[in-house]
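In the two assemblies presented below, subunit A is common to both, partnered first by subunit B and then by subunit C.
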Partner chain A sequence: MRRLISASLALFMTTTAAFAQAVPGGKLNLIVQPEPPSIMIGTTTNGPALLVGGNIYESLLRYDENLKPEPSLAKSWTVSDDGLTYTFALQDGVKWHDGKPMTSADVLFSANDYLMKMQPRHRNLMTHVESVTAPDDKTVVFKLKEPFEAFIRGLAFYTMPVLPKHIYEGTDYATNPANDKPIGTGPFKFDEWKRGSYIHLVKNPDYYVKGKPYLDELYYQVIPDGASRSVAFETGNIDVVPGGSVENFDIPRLKDLPNTCTTEKGWEYFAPLSWLWLNNRKPPMDNVKFRQAVMYALDREFAKDVLWNGYGKVATGPLSSKLPFYKDVEPQYPHDVDKAKGLLKEIGYDGKPLKLLPLPYGETWQRWAEAVKQNLEEVGIPIEIEAADVAGWNQRTSNWEYDIAFTYLYQNGDPAIGVDRNYKTSQIAKGNPFNNVEGYSNPELDKLFDEAAVAYPASKRQELYDQAQKKLQEDVPVAWLLELGFPTIYNCKVQDIVTTASGLPESMRDAWIKK
Partner chain B sequence: MKDFWKRFSQNRGAVVGLVILLLVVVLSIVAPFIYTKSPWAMVQRPFIPPFTMDAFVLGTDPMGRDLAAGLAHGARVSLLVGLVSTVVSLLIGIPIGAIAGYFGGWVDDLLMRFTEFFQSVPSFALAVVLVAIFQPSIYSIVISIAVVSWPPVARLLRGEVMSLRSREFVEAAVLSGQTHSTIIWRQILPNTLSPIIVLASMMVAAAILIESSLSFLGLGDRNIMSWGYIIGAGRTVIRQAWWVSFFPGLAILLTVLALNLVGEGLNDALNPRLARKGR
Partner chain C sequence: MLRFISGRLLKAVVILICITVLNFFLIHAAPGDPAAVMAGEAGDADPAFLQQLRERFGLDKPLYVQLWIYVSSVVQLDLGYSYRQQLPVLQLIGERLPATLLLSLSAFVISLGLGVAAGAFASARQGKWADTIISLVALIFYATPLFWLALMGVLLFSVQLGWLPGFGYETVGANYTGLARALDIFLHLILPAMTLGLFFMAVYARMTRASMLEVGRLDFVKTAKAKGLRPGVIQHRHVLRNALLPVVTLAGLQAGQLVGGAVLIETVFAWPGIGRLMFDALSQRDYNLLLGVFVVSAAMVLLFNLITDVLYRLVDPRIKVAS
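After this line comes the complex of A and B, so read on.
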């Protein structure tokens, strides 16, 4: 027996018909900051590359704001009852930008060959996969080794982009000349890249979703100076300022301009969460009561309101509230100076000064470090702020040479992909600033996380993750700060600017300009 | 002494400078008693404009910190950095200049080439590089300022010592069998004191400026509230809160101006002949 989870293409077309007032035509100017080294997202996966490349390349699925899968290159899919076999039916009439038809062979090539060589993240996902096969031109079947439920959320355009086999097969992927003139299946085609100035994309007239995209042209403008980026938006030369591309302190001014809209949506998949690494190997951070005291000492509401202009949300624990399996469980740590002082007194903390390493990402983070220092000193923990550039920060955190350090990481759609890496014992390894840097180790929690990753169906996973969240919130291996909010600021004439969980990169196919 | 004061007070600018300077010194001494809380403490809501709340005369910065407290505590940092780094650079510059001027010949050549090596690099750029290499801290800042500001001292001293070296009283000392170090210490250096004092007062001003510039660029000590830091942090919000950058900027301007005026007054007072020629 098979269970159909997706809507058919017909249904898909009717839902888009709800936006029937959309009018075609027009061009948009967006900011891309910083200028990416390449927009071939099979090899380059940083934010700016994805922002542009997401219009050119697509994957099998896309995700709505609740991370529910929606059709992209796959028009429908089924999952077997044991959670081991995923069968995808591809869209009809999909063509590469050079006119060749897109088939299941391209999906196979991307999943089995290209991405295995080029992307560590894809290799990680594929450790759960036994085989990828194509019974015919329009069907792709993934057979899993174990029921890894997170798999369905691992098929986004930047985790598994479908790449053209006829261009890349048998070539050196990194140096293929097509990397400079990307060929994809997406709603927009590459036209021109004037280095240091702009990247120009044009409408793909053969796009397989009839009537889309609405826009004729996209210009991704490169403006290296932060103040100039703000001014470019103020003067109307830029229509869309993607989240994170102007300094935080410019946001209140920009969003108060006439005819200006903002949205915090479009970050549900990444779900950036910030926290303080507390080096669990060193006293006093090895004491759970000390770590709890740190949590009570932090005034996170202040940080959200003053430093982040009210955007974002105070984190309740290890999972962002945008993530599936998130639950607001006890214990929670509201700002409570007396409780923090009490805990410190209880453990007889000696008042030894600790070092705080800020994130070297500009003014906001520097100010935040000053606020945290103030919060901690208020309860009697003397703090010295250290100075480090990006390389120094990477080196210090990945080699565990710190007391307390700022960070923020993407949670990538599922706790088994983007959360447990920070808490499992098996993830303690020097040289990587994104794994279990704090050195927390708890066999009970390891077991919970391991079971939760392969439990099936989702309701079973939920129970296990509830327990894991509670356990972590009791132990406070790191001090969770905020779910960061990176608002997209745009001219209100632009409609439907964010329609998926990954935001701007995927949404331009739906965006249109109100006349 | 009475003469000295009379000559100093003839320069009206110098007196004004001295008054301002004394005010700053007093402010830096009493700061911890008036503003007992840390200047980093977030005490009120952010962005309170100046002269609207009696408790926070100069308003608050983007983090709700009291700007007046920051200015008072910053005065101490600025003066301290200025004085200490000047003392350190005198300690480097005076021996080098004295030895080069006294012995002459290849010693002079060697030391002066070494000095020129430092002079040929723009001093602020060198200070930035040094601070970046040694990690920003109050010590590395003082040392870097000292390292970039001693060459003028050495050159000045060398010139003074060379001219004194051939005077009769020095030759008499040589004939009487005094050692080189005694001659330098007892006979020559005391006579170079007045130009050094004048130069030093200007150097303190320059040091305050360099420290402020470093802090402005984000290369200051992250744990110390200095004027340059407040301006640097306030620069990002200058369109919403002008006062955050304005008041510390004014403080730097006044202090540096005061030091320069005092330096000029000292010059008049200590080198009466030179001064009269100048008029």
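After this line comes the complex of A and C, so read on.
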């Protein structure tokens, strides 16, 4: 029997329900911070590029807040019983912004050619794929080498955007002029980019979802100074402040302004988790008891309540609670100064000072570094905070030149995509700030992760991930801090501002303005 | 005069090349490269991706080869390609230069005009109330950090009073044309130009005042007074003109900073100028773009130094330019 997974009906119902009250028309002013280098998300995938480019390009699927796949460019899909064949039926009447029809050839070109050359995340996903084929114009078939259940959650717009074959085939992808004037299938079309000022998108009148998008125009404004961004929202020049684009200490003031709403939703897919890399190659971080002492020393509730205004959640382990297969396993490490001191005494820690490298992402991270320094010094670990800019931070972490370093990473919808890369021995490689930077190696865990990635069905994966989480909780290769909460602050007149697990980049097609 | 100018121009080219080479090594001495930054932003990277980026940007070649490629293209007036923004550097600079020049020149005119006038006015009333007030205000503006003034300006005129726009170059999405657009840009210009101009205005006021008082004590002024010339004529025709030399020197220095001197103000006011382009390029290690901005701003400094030297002769014919 073939399992039919199709959320078309549910989507149809929500679409019509929203359509009953939604009013077309109007424009939105949003902050984009910092200004992206490019909004062609096949090559540039930083947050700001996705925020804008996510409205221009689409993938086969979107995900709801529980990471359940929903139709995007694929209207329905089936998975064979052995979990090896994924067949996608494409939407009818999809056109590129230049008027040419979008077909399965474009999906094939993107998956087999463009993204394989330009996108490391896509390359990783495709290591599990045997072949991508198109029996006809409207059907695409992915044949997997092994039953990689995470695959269905790996088709987000920022891993596998569908790109126009007729524009890119046979050209130099990096310098193609279309990178500057992107052509996608999305609900909004590119109109103008005044560098240093704004990016302007306009409604795609030929969008294949009838009646959408509701908004006529989107302006993404570039305001480089944090205080000025807050003022722009206060004075009504900006309608939407995406999560993470104003300093945390400005948030309480902004959210109390009249007609101001906030939401923490729209980060379920990315599920940003912060931690301290503890360089396991060096003493005393090579000692598991020292690492446990660090965990006990950290007052993470304080960080959440004071530095992050209560947004987010204290991390209970290597997986964000938003991820499938998450489990709150023992042991946990609540703030306990005495336990930390006891462990340090037990291992005879000599009080050697350690260096702490903060994330160079603004004031909050600087203050957090100071709070961590205070926590660690309280239990007797002297800390020296080092300074680095983004380039310096990248170089230091990816070349392992640090003692303790802040980081946060997206977990990308599945532990086999966004989590095991940080702990597996095979992921220890210099030059990459996103893999196993701490240098932790445990063959038992490697085996668990490898098996869990390809186990089928999901219940089998759950068992294996439970064990993996427990193992990691005991070994504490890194010190997990918070599941970060990035509230979106917006004028309450804007409705349906977040409708998918990826938030603002994908939701503008559903957003509308209450008159 | 022509020989002088052409000689100076030739020297300027040599200096410019030296500056370029020096900047090239300085920038490459900073930790991290654009490939690392871009990989960092991508949220995912593998060695193949980094290698691919480095090859694309030519960063895999030895440093001296990169330098040779860069300098030889600069000599041909080609500033190369921005790694990150995937556009030619000249185009990026060209897009931003007008906004910066508008801001800096407005600030320049405001500071020079108001500063010299205030200084002259104060010196004529030495020791009186007007002098004290002008000197005090000048001292305050001279000593206050620019970014603080800028933020206070925004809070007062934009948030509290709502008289002036607090950020940007023009009203986004208004699509004004013609005179309406010019007025819109003018309104946006007032706060940043005034803030940027205040510091130099204070400097000019203090310098003009001091210099005029000094010249006022010289013998030829006494002679003029003895001749029975009116004080206004003495001040304007004799004292001010002779006191302007240090002001011209300073104006030359300020003019040299027209391109790169407004980073802070451009950031606070979201002014789409070249200062911010430079700052972003620096933090992202966009070597070509950063070097390009340096080349352009160094060329501006050299050009304005030359203009200052020529002006010296016009203001004070006693200076023999050829020497």
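Assume the second predicted complex is superposed on the first by the 505 of 515 C-alpha atoms of A that agree within 3 Å, B and C clash if a C-alpha of one lies under 4 Å from a C-alpha of the other, contacts with A are read in each partner's own complex, and residues count from 1 in each chain.
We take it that a residue touches a chain if its C-beta (ideal position, glycine included) is under 8 Å from a C-beta of that chain, and two chains touch if they have at least 3 such contacts.
None of the values given here were measured: they were computed from a predicted structure.
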Contacts of A:456 with subunit B and subunit C, given as first, second, both or neither: neither
Which of subunit B and subunit C A:121 touches, first, second, both or neither: second
First (subunit B), second (subunit C), both or neither touched by A:400: neither
Partner chain in contact with A:302 - subunit B first, subunit C second, else both or neither: first
First (subunit B), second (subunit C), both or neither touched by A:365: neither
Touched partner set for A:196, first subunit B, second subunit C, both or neither: second
Residues of subunit A that lie at the interface with subunit B and also at the interface with subunit C: none
In the complex, subunit A residues that touch subunit B: 247, 249, 252-253, 302, 306-307, 358, 363, 366-367, 369-371, 373-374, 377-378, 384-387
Footprint of subunit A on subunit B - complex, ascending: 38, 40-42, 46, 62-64, 135-137, 218, 222-223, 233, 236-237, 239-240
Partner subunit A, residues of subunit C touching it in the complex: 30-34, 36-50, 52, 56, 81, 84-87, 92, 95-96, 99, 151, 154-155, 158-159, 162, 165-170, 172-173, 266-273, 276-277, 280, 283-285
Parts of subunit A lying in touch with subunit C, wherever the complex brings them together: 27, 29, 34-35, 37-38, 44-46, 117, 120-121, 123-124, 174-175, 179-180, 194-198, 200, 217, 219, 221-225, 227-228, 231-232, 234-235, 237, 388-396, 398, 409-410, 429, 431-434
